[in-house]
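What follows are several structures.
In the two assemblies presented below, chain A is common to both, partnered first by chain B and then by chain C.
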Partner chain A sequence: MLVTPHMAMREELEALADTFGRDRSALIPMLQAIQRKNGYVSDLAMQEAADILGIHPVEVHGVVSFYGFLGTEANGRFVIRMCQTVSCDMAGKDAVARQLENDLGIEFGETTKDGKFTLEWANCLGMCDQGPALLVNDKFYTKVTADQVADILDECRKAFGATALQAEKEWLV
Partner chain B sequence: MIIDSSKGTLTYASQERGAGLAAALGMTPTALIEFVKESGLKGRGGAGFTTGLKWQFAAAAPAPSEAAATEAGTAKYVVCNADEGEPGTFKDRVILTDHADLVFEGMTIAGYAIGAKRGVVYLRGEYTYLVPKLKEMLRARRDEGLLGSNVMGKEGFGFDIEIRMGSGAYVCGEETALIESLEGHRGEPRNRPPFPVDTGLGGKATTVNNVETLAWVPLILSRGAEWWKSLGTERSSGLKLFSVSGDCAAPGVYEFPFGLTVADLLKAVGGGDAKAVQVGGASGTCVPAKDFGRRIAFEDLSTGGSVIVFGPQRDMLQVAKNFMEFFVEESCGQCTPCREGNEVLLEGIEMLEYGECSTSYLKELVKLGETMQIASKCGLGQSSPNAFLSIVENFRDELMGRTVAE
Partner chain C sequence: MDLKNPSCDTTRAPVSQQGGVCTLPDLEAPKVTVNIDGIDVEVVSGTTILEAANQIGVKIPTLCQHPDLAIAGVCRMCVVEVEGMRTLQASCAYPITGPMTIKTQSRRVRQARRHILDLLLRKHYGECYACVRNGVCELQSLAEEYGVDFFRFGHPTEPLYEVDTSSYSVHRDMNKCVLCRRCVRTCVDLQEVGVYEAVGRSNQTRIETFLEKPLADVVCINCGQCINRCPTGALRANDPSDEIWAAIDDPTKHVVMQTAPSPRAGIGECFGLEPGHALTFEMNTALRRCGFDKVFDTNFSADLTIIEEGTELIIRLKKALVDGDADVKLPQFTSCSPGWVKFIEHFYPEYLEHLSTAKSPQQMFGALIKTYYAQLTGIDPKDIVTVALMPCSAKKFECNRPEMVDSGFKDIDYGLTTRELGAMIKEAGIWLPDMPKSDFDDPFGTATGSGVIFGATGGVMEAALRTVIELVAGQKVENFYDHADIIPVRGFDGVKYAEITVPEVGPVPDLLKDLVPSWDFLKGATLKVGVAHGTANAKRVMEDIKAGGIFSQCHFIEFMACPGGCIGGGGQPIPTSPAIRAARAKAIYSEDAAYEVRKSHENPAVLKIYNEFLQDGPCSHLSHNLLHTHYTPRGKFIS
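Take a look at the complex of A and B:
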């Protein structure tokens, strides 16, 4: 039988509902899981999630649009979040930011054409004593200097595949 | 790589696992709450509400009905606020890295005190890397009978803890927004009252406590309320962790009794030449050098522990601007004073930056800031003008008549 994207998404969300439950409080964990896997929450995902939890899709959209780590646009495989808050700013975030833009060929808020990297600003990441700080997916890089940027990006490219997906498995345990 | 931030041994390090819980279970819940009240422990998340009192309110809130409570197993909730988003704060991360066991134990003790069977840790999404280790620790506690049904063999007291993640919204650290988020909604703060101790998660009585508050509880139980009261000041008893960053020789997490002066703290962290210190994060106060004799305690400079040091070369207008950009982004947009006010203040800061702000307009901005402190719905908008106002008050000479740098 032909599996439509619709059915596949439904199945995925049903499985998540089995894990997190079927009342409204399960919504955000479900959306977080979808975001992790797909890099965004599609209209289809929002419709199906709404249907399973018995709420209006507009409600789901309202939730997705509220949270910085959820989004309706496809992210790159690696989301690089650079802290822009005061301690990292004083520690020299501007040079690192510039180098990230140069090496990736994109600006903050954009995704590389190959779909590998998204570059975003973030507010205080909780690493203020060791800034400038970067969060790449779930991994922190601290005391980052501009000349380390190329190595960090290389590390990501190599992690593409097995290790990058590791964290997602642990997530659902 | 993440650098180990603890400077010196934290008192936490010597606490024996299960000792605090055993002491708690040896008392009645009422006696336990009295004990926590007696210690004077106040919330370490910033607001400084008396922990024992918060627990007392939640304990007094009627359970929906005893039968329904046991059936659903969810009569009341203990929530651990691990959303740590205040700029300059990272001590909760360090506690969760090195002493998470104490946090879980504090939650279990709170559960016994208020009559809750379930605890939830609301962990900021940025700290996802901690999850596998935290889950492993929860499993170990279950295996050892420190969680689960009949905790430590105590008949009729069952308690378990789950971890839920934030999704990148600072305002969700506000306790009612946090509850909204746990319930699957946008993290928009609620009107208070009703307070969470009365109508919290799922409409049930809920205590929300900071990571550090909960971690201190087992220690106070083991060492006694007198020990805790012998440290700190009369109105701010005990020890506090400080997250120190900025222009100093040794940034990191420090433990001090409440009541030390800003100067004492600067000496310890190697920030002797500072021209100002931000105490309490973006929503705190910017203290100029002339006031470094002020004390860090709830009765003077109140703080959740964020200390950011500004060296002699720092441009205080840029500091104010960075904080205001933070609030413009993080305001939930629900109420006008905060939504519009922060933007107007930021524009004002930009006018100052370009040397285009008249003295009378600056006065208006100050008035607006004061109005926001009163008229905003939640702590975010009520405190977002603080840094700007204290910088205007203390560093006027740096702000006025600027010429645009080429």
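Take a look at the complex of A and C:
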């Protein structure tokens, strides 16, 4: 049978609802799972999630727009979030940020054309004693210097392809 | 007669929607004495500071608080000083649980409130002269009350957002929004439609629709309850008064007004009267002085609706009980409320066949004015402009539905709300309460009490029952109910259920002879009916039907989209509250009691139209062409 994206999304969300429950408190874990898998929460996913949980699509939209780690537009495979608060700023985040922008050829808030990297600002990552701090998907990098940026990006790129089975598991959960 | 109160889930419903279920504070709870501005007051534990202050006449300003809605505590206008607490507290959201000393007008409080107001004005594009809420704006009156004489934090001089005029009913101007979230709570909690929500975070927060789409493109039922609760001019109805003035000024146009029952119970409020003053006949004079050529009573077509809808019910019952037709859809739902119709089209499209095909009174009247009335008077229907005075913003959408052109023209040209007519009458220099009284115009004349009560929740059901009982039992309704007041379907309980047993049957009246040969199939039958007002309650009834509950056994269910029925409609004067709606309902029921003819099937004009024009009777071919319609399954998914 032909499975439309709509039906596939519905099935996926139904499975998530079976895990997390079918009331409004299950919304955030469901959205996080969708975000992790697809890199964003689609219009369709918001409406289907609302339907399953018995709430309104606009409420889901409100939640997605509120949280920085949820989004309605496709992100890159790796979302690099750079802490922009005071401690990291004083520890020299600017140099790291410039290096990231240079190496990727994009500015903060943008995604590379190949869809691999997204650069974003984050407010306090809770690593104030170890700044500048970076969060790449779920992985922390602390006391980052501009020199290390190339290695970090390389590590990400290597997560693709046949040689990266173990890394892939770690990165692309 | 047996009245059962089905247990519905009211946990999420705001206070006004819970009927009599659980609104009162627990009287067993311990009493606490608090001191507010030096006055001791004893309150039940759990009372908010705001309520306690109101009890002793201490006024605390509020903005986001509303008697119909859940507490939000977002605007902070109502902050007070509580002794022993470091920060100021929002009095609307602070429950008193122990003795405390509260100051409501210390320097600190006054300064904080003034700054909060200044901050609200910082983002509010206040073009007060050109605003529909000029003079009835809560922000404006707070600014006046707190003596705002300059903009401490600045003031927008240019609008930032485009006004969303996509909807036929509701226009949104986010330049005037103060983020009180009343519309959000109205739409999500009170009506459970879910058009608005706060989107974004911190100072980027704004009230948005799903995917930030224009209102016409989202699942909005046009009920306008958000307009009634908006403290500023950010939400307003789509005002057609300029077009109507133009039609009045055009000598080639014959402008016909029909007035619904609810506006007459509410329009006095536009002129400073207490809620609950009906100005029916004063309004007729005022409308003629404004230049309307004819003034008709929508109650005439309300009576006609009862005949058509009642006949349809009888046909459905006969098919189910006599012919054993398994495809007949019962219960039959009323279709008078355009908000409810759009609600079911969006949320329960699989139940559309349950909806009566009879048009709403507004649209029936439009179709008749441009056919029957045009024939009678010899006026070319293309020169007739039909205006409908309604308590409703959804009627503006309804008259623009593409299928509503059965007369060959747009059946109703403009839907006008109570508020807009109030403004038109003022513009004409008329002080409505001082007008002499005058009656409605022929050929439709004065209607019946049954038409009048269409305005309150349970009214359509009561009108239908008066007619059905009399036609079927062949006896006066007064034999069953004192003064023909069918009390079990009245009142503001969110959901009502009633059973009526038909003890004996009479002869079939001439009007229905062709459709049913005899009433025997109804002998000893129990007619089960339901009433729901507010779409949150409608949703509960629909879920009950889906689950095969008590309402799935009903024969006829009345649904009204607005809390309280039409008297609480989205076009009624602002403000609204349970007390105001109760006063308007009282006005409507006392008007009903004053009518000589109180049953739809006794309305002489209705009988005349079946003799002269719709000669094949109710639900016949011609009546189906003019007075019935069809619906569109819309669904709730958008892309």
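Heads up, the rule we're going with is that the second predicted complex is superposed on the first by the 159 of 173 C-alpha atoms of A that agree within 3 Å, B and C clash if a C-alpha of one lies under 4 Å from a C-alpha of the other, contacts with A are read in each partner's own complex, and residues count from 1 in each chain.
To be clear about the criterion, a residue touches a chain if its C-beta (ideal position, glycine included) is under 8 Å from a C-beta of that chain, and two chains touch if they have at least 3 such contacts.
Just so we're clear, the structure is a prediction, and the values are computed from it rather than from any experiment.
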Partner chain in contact with A:Phe66 - chain B first, chain C second, else both or neither: both
First (chain B), second (chain C), both or neither touched by A:Leu135: first
Which superposed partner A:Thr19 touches (first chain B, second chain C, both, neither): neither
Chain B versus chain C as contact partner of A:Pro57, first or second or both or neither: second
First (chain B), second (chain C), both or neither touched by A:Ile28: first
Superposed model, chain A: greater residue contact from chain B or chain C: B
Partner chain(s) touched by A:Thr145 [first = chain B, second = chain C, both, neither]: neither
Where chain A meets both chain C and chain B, residue numbers: 62, 66
Complex contacts: residues of chain A adjacent to chain C: 43-44, 46-47, 51, 55-59, 61-62, 65-66
Chain B partner contacts - residues on chain A that touch it in the complex: 23-29, 32, 53, 62-63, 66-70, 84-87, 89-90, 122-131, 135, 138-143, 167, 170-171, 173
Chain A-touching residues of chain B, taken from the complex the two chains share: 1-3, 5, 84-90, 92-93, 124-129, 131-132, 135, 164-165, 167-170, 181-188, 202, 243-247, 251-253, 278, 282, 308, 310, 314, 318-319, 322-323, 325-326, 329-330, 332
For the chain C and chain A complex, residues of the former touching the latter: 188, 192-201, 208-211, 218-219, 636-639
